[in-house]
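Below are two complexes that have subunit A in common, paired first with subunit B and then with subunit C.
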Partner chain A sequence: MNATPIRLVSPLRGLVDVYLQEMKIAVAQQIQYRAANYMYMLGMVAEPVVYLVVWQTVAAQQGGSVAGITAGQFAAYYIVWTLVRNINIVFTPYGWEERIREGRLSAQLLRPLFPIVEDLGFFLGWKPVVMLLWLPIAFFLALIFHPVLNPSPLAVAVFAVSLLGAYLIRSLNQSSLGLITFWTTRVGPVFQLYIAAELLLSGRLVPMQLMPAWVQTLANFLPFQWTFGFPIEALVGNLSTAQLLGGLLAQLFWIVIGSILVRVVWRFAVRRYSAVSG
Partner chain B sequence: MPEPAIHVADLRKTFTVPVREGGFLAAVRSFVRRQHREVHAVSGVSFEIAPGEVVGFLGPNGAGKTTTLKMLSGLLYPTSGEVRVLGHVPSRREAAYLRQITMVMGNRNQLQWDLPALDSYELLRAIYRLHPDDFRKTRDEFIELLDLGDLVRKPVRNLSLGERMKVETAAALLHRPQVLFLDEPTIGLDVTMQKRIRSFVAEYNRRYGATVLLTSHYMADVQALCKRVIVIHHGRILFDGELATLAADFGADKTIAVTLKEGAPERIDFAPYGEVLGSEDGKVSIRVGRGRAPDVAGRLLHDLPVADLTIEDPPIEDVIESVFAGASAEAPERTPEPAATR
Partner chain C sequence: MRPLRLAWLFFRVGALNDLQYRANFWLQLLQSAIQLGTGLAVLGLIFSQTPALNGWSAPALLAVMGVHILMGGVIGVLIRPSMERLRSDIRDGTFDFVLTKPEDVQVLSSVREIRVWQGVDILVGLVVLGVAIGQLQESLGPIEAVAFGVALVIGALMIYSFWLVVTTVAFWIVRIDEIAELFEGVYQSGRWPVTIYPEWLRVSLTFLVPIAFAVTVPAQALTQRLTPETLALAAGFGVVALLVSRAFFRIGLRRYSGASA
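Showing the complex of A and B:
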């Protein structure tokens, strides 16, 4: 009998390894379905192009700008939007619903790893492929809509870091929402409410500076604008150094809040699952 | 005496499930006033399993087998009772515990559908924090034992059910667990594939001294792997002991197979000896009461020119069926009246 216990690597090395393997698997899947993914990305471009055409038309009718934003700046905003939106694709509450309903969560619960870590790694793995696929789309949109942007090196660096921040905040928020499925079975209505709030309070529908002052004040107390408006503005909005670094700190704050929220909800949710799941 | 690998004492699991009649009015009523009832899936189960033991966990659908396995693996929180597996309380779901167990559920897919199994194996290596050298050794050992060959290099979606179960089984054991909960591991597989999975489990148990608790509706699985069986029905244990004694305890009958010498009269009436089950190639099978078997065998040998005579226990499937049938006749109503409304 060979009963020699199997050796383990350190927890940190294990965690890094999980992220790397999840990313490798995500890249392999993306490449396998590259045509379908590209169609999906092209479909996603429709939303910002509609916003862009509307605002460029309004700007043209108002003498070239709306609230100080020119047609070229609108173009920059919404073209960068397409990248931020793709980076913001995360494991959705619908995924949680399906995972619980089909019993796949049981297999994950048997593993010595917090399932959200797997999701974070997997969707992070999509991003390099997404960025590559995005480049030609951005190129053609730029040819058509003539964006204007002059970011500083610091703005470019902050933009790059803020993409990761946006991804983490949105992942953690949506995981917390998804965990509601443990109680409600269906998560759709709650998720739709979340998306409505996100559209209005994140800069996804329109740049936040076009929103009424009270909406902007409200948005300051919520996480949404740090997932859309801030990363886009970091690159195209001529933000001051204080605004750029303050934005990153705000993202860090919401990542911490999101992590705590997921942990707390998970504790109750898994207890609920293990109490009722047949 | 070594500490048991699995210790279960008075384990119970009760589910509260919503109930309502069919129809529109009932739907409206349930909107205002929801009714629930309690379902006792497991009702006071106790047993112990020693390290390295392979035990069959038998029962009809809905008997409480899977619920018990889920409580042992930490997927379900018991309503009451005590469970310890390898010294851990499973419901705490500690990483150190999860690293020492596995649960194989037939027809459940945990591999990446679009990718070769090798990619999923690498992911499992990372999740279980396995040392790369040990992982490779185990993986290659399993590939050889299960005769996986190039199957691990094909996308999982291109594999047949049997092939997929083989790569799934290997995946579930890559971290070399000490306790295996196997819930219908061969369900839906053809006979050859069932044998392959069975021999793999037996070899794993032999090599690593793992404890195995197996549920299966295929008695061939149980007979090949388990000396001991636990029979559960309506959430209660009906039998816990050696498979060989199950037939002695519950098999009310024996089967006597008689082959007569050449030249014996062709038309012999066996009815006075017992219930004639059939006749094939000169061999006649007669069912007799267990207590009467020696007497009937003696009479057959005395009365007839017997070339060969064997006394056999009935097939294990028949014994199990009679256990369940007996229990069903005695069992109380399993699902009581609605216990609570909310």
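Showing the complex of A and C:
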């Protein structure tokens, strides 16, 4: 008997391979659907353009600036916003809802892999495509709205790293939220509450400086602002070195919390799972 | 009157179907409440910085928001469900079953699905409008009320034409699921009067995606900003939109080839 021995790879290498393959699949798939991707992105651009126009109008009426933010800075904020928003597209709780309701999780459970790894890898692989498609949109928005920003090299570097941090925090939180569907089958209302909280507490709706002081204080105790406000401000907000690096640390903190939360919720949730046929 | 009878029939069947799931009412109410809360928070933020936005006072903007929610409800109940069904039918080849029925294809495709509980938004929109009208200084006469109703119907028909044209694209490009996202995104711009937007955007939101006619014009009727010329323009453009979308749908129909089924 000369059976070839199964080649064993270290668990870490195996995991890295899985991520790389998921990313490759995502790139190949999303490149195919360019038109669909563009529609999705254009729909998403409407949101910040509306905020931007409204606040530029207010700024113009107030003699050029609102709470110290000028029209040009608003433009910079909301244009960078569009990139951050695209980076922040993650597997939503609705995806989990479908996966569990239709029993498709059964197949995934058979694989020797934590299911969230697949989602993380796939959506990460989507990002290069998204960034490429984003460039022309940013170019046109910049032509129209005249953004003003002058980031330091450190700010640019921190911004780049913080995008990954934002992606991870949002992915982990939404995965935990998605796992609720093991109990309820309808996640819509909970997710909507989450999105409403995110809108108000993350800098997604308006730069946090415009919020009342108590809202800003509240936001400091929650993960939301590290997924929108911080990455954007890192690039456009002229933050100090301490603020920049401290922000990355805060992101790391919320990534750790998010990872633990997903693990714990998963452990309880998966016991509840049952599928008919599948 | 045959199309109307058909629509009414489908409406009743759809309503009976949806009414079995009462819990959905509360879920929808919660969703609407969350959205309303966020919208009010934004208005609060803006008016904490400025007394009026481009000549629109807080109650006037509240009226715009009311119309926006109301129209969103109409779209959610009557327009979007059928269009989404049409889209998936074209993709899956099950559109055959519509074509074989002895009715006008466009009418049948446009009235087949409704979602009753989305109607909560219509109620919420009306309540917001009521509050806004109560706060407005100007009195509201019967002429304004009629103009408002007319503008609202015209606006809804235009949004329908827009959805029909966009959904018809499915005959050529198969995967257009994101159209819904695109529309939802763009529809958010209707929360503000289109007059605040820069020229290019205002024109797009008027003639490309008829949000100006669907939301701003009815709101103008309520806040005494509407001129007869604008209403006439809306009516004229509405007729054109209906005719063009019907013609386009017929062209698309020729492209259809049933897969499997």
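A few comments on the model shown:
Convention: the second predicted complex is superposed on the first by the 268 of 278 C-alpha atoms of A that agree within 3 Å, B and C clash if a C-alpha of one lies under 4 Å from a C-alpha of the other, contacts with A are read in each partner's own complex, and residues count from 1 in each chain.
What we mean here is this: a residue touches a chain if its C-beta (ideal position, glycine included) is under 8 Å from a C-beta of that chain, and two chains touch if they have at least 3 such contacts.
Since this is a predicted model, take the numbers as computed values, not measurements.
When the two complexes are overlaid on their common chain A, residue A:T217 makes contact with neither subunit B nor subunit C.
Looking at the shared chain after the overlay, A:T184 reaches neither subunit B nor subunit C. Applying the stated contact rule after C-alpha superposition, one finds that A:T241 touches neither subunit B nor subunit C.
Once the two complexes are overlaid on the shared chain, A:S106 sits against subunit B while remaining clear of subunit C. Once chain A of one complex is fitted onto chain A of the other, the partner contacts of A:S152 are absent, as it touches neither subunit B nor subunit C.
In the superposed pair of complexes, A:T57 makes contact with subunit C only, with no contact to subunit B. 33 are the residues of subunit A that lie in the contact sets of both subunit B and subunit C, per the superposition on chain A.
Those residues of subunit B whose C-beta lies close enough to touch subunit A in the complex are 15-16, 41, 67, 70, 73-77, 91, 93, 95-96, 98-99, 101-103, 105, 108, 110, 112, 114-115, 119-120, 122-123, 125-135, 138, 175-176, 206-209.
For subunit A in complex with subunit C, the residues that touch the partner chain are 33, 35-37, 39-40, 42-47, 49-50, 53-54, 57-58, 61-62, 66-67, 144, 186, 188-189, 192-193, 196, 199-200, 205-206, 210-212. Subunit C meets subunit A in the complex at residues 27, 30-31, 34-35, 37-38, 41-42, 45-46, 48-50, 52-54, 173, 175-179, 181-186, 188-189, 191-192, 196-198, 200-201.
Partner subunit B is touched in their complex by these residues of subunit A: 1-3, 5-11, 13-14, 17-18, 20-22, 24-25, 28-29, 32-33, 103-104, 106-107, 109-113, 118, 270-271, 274-278.
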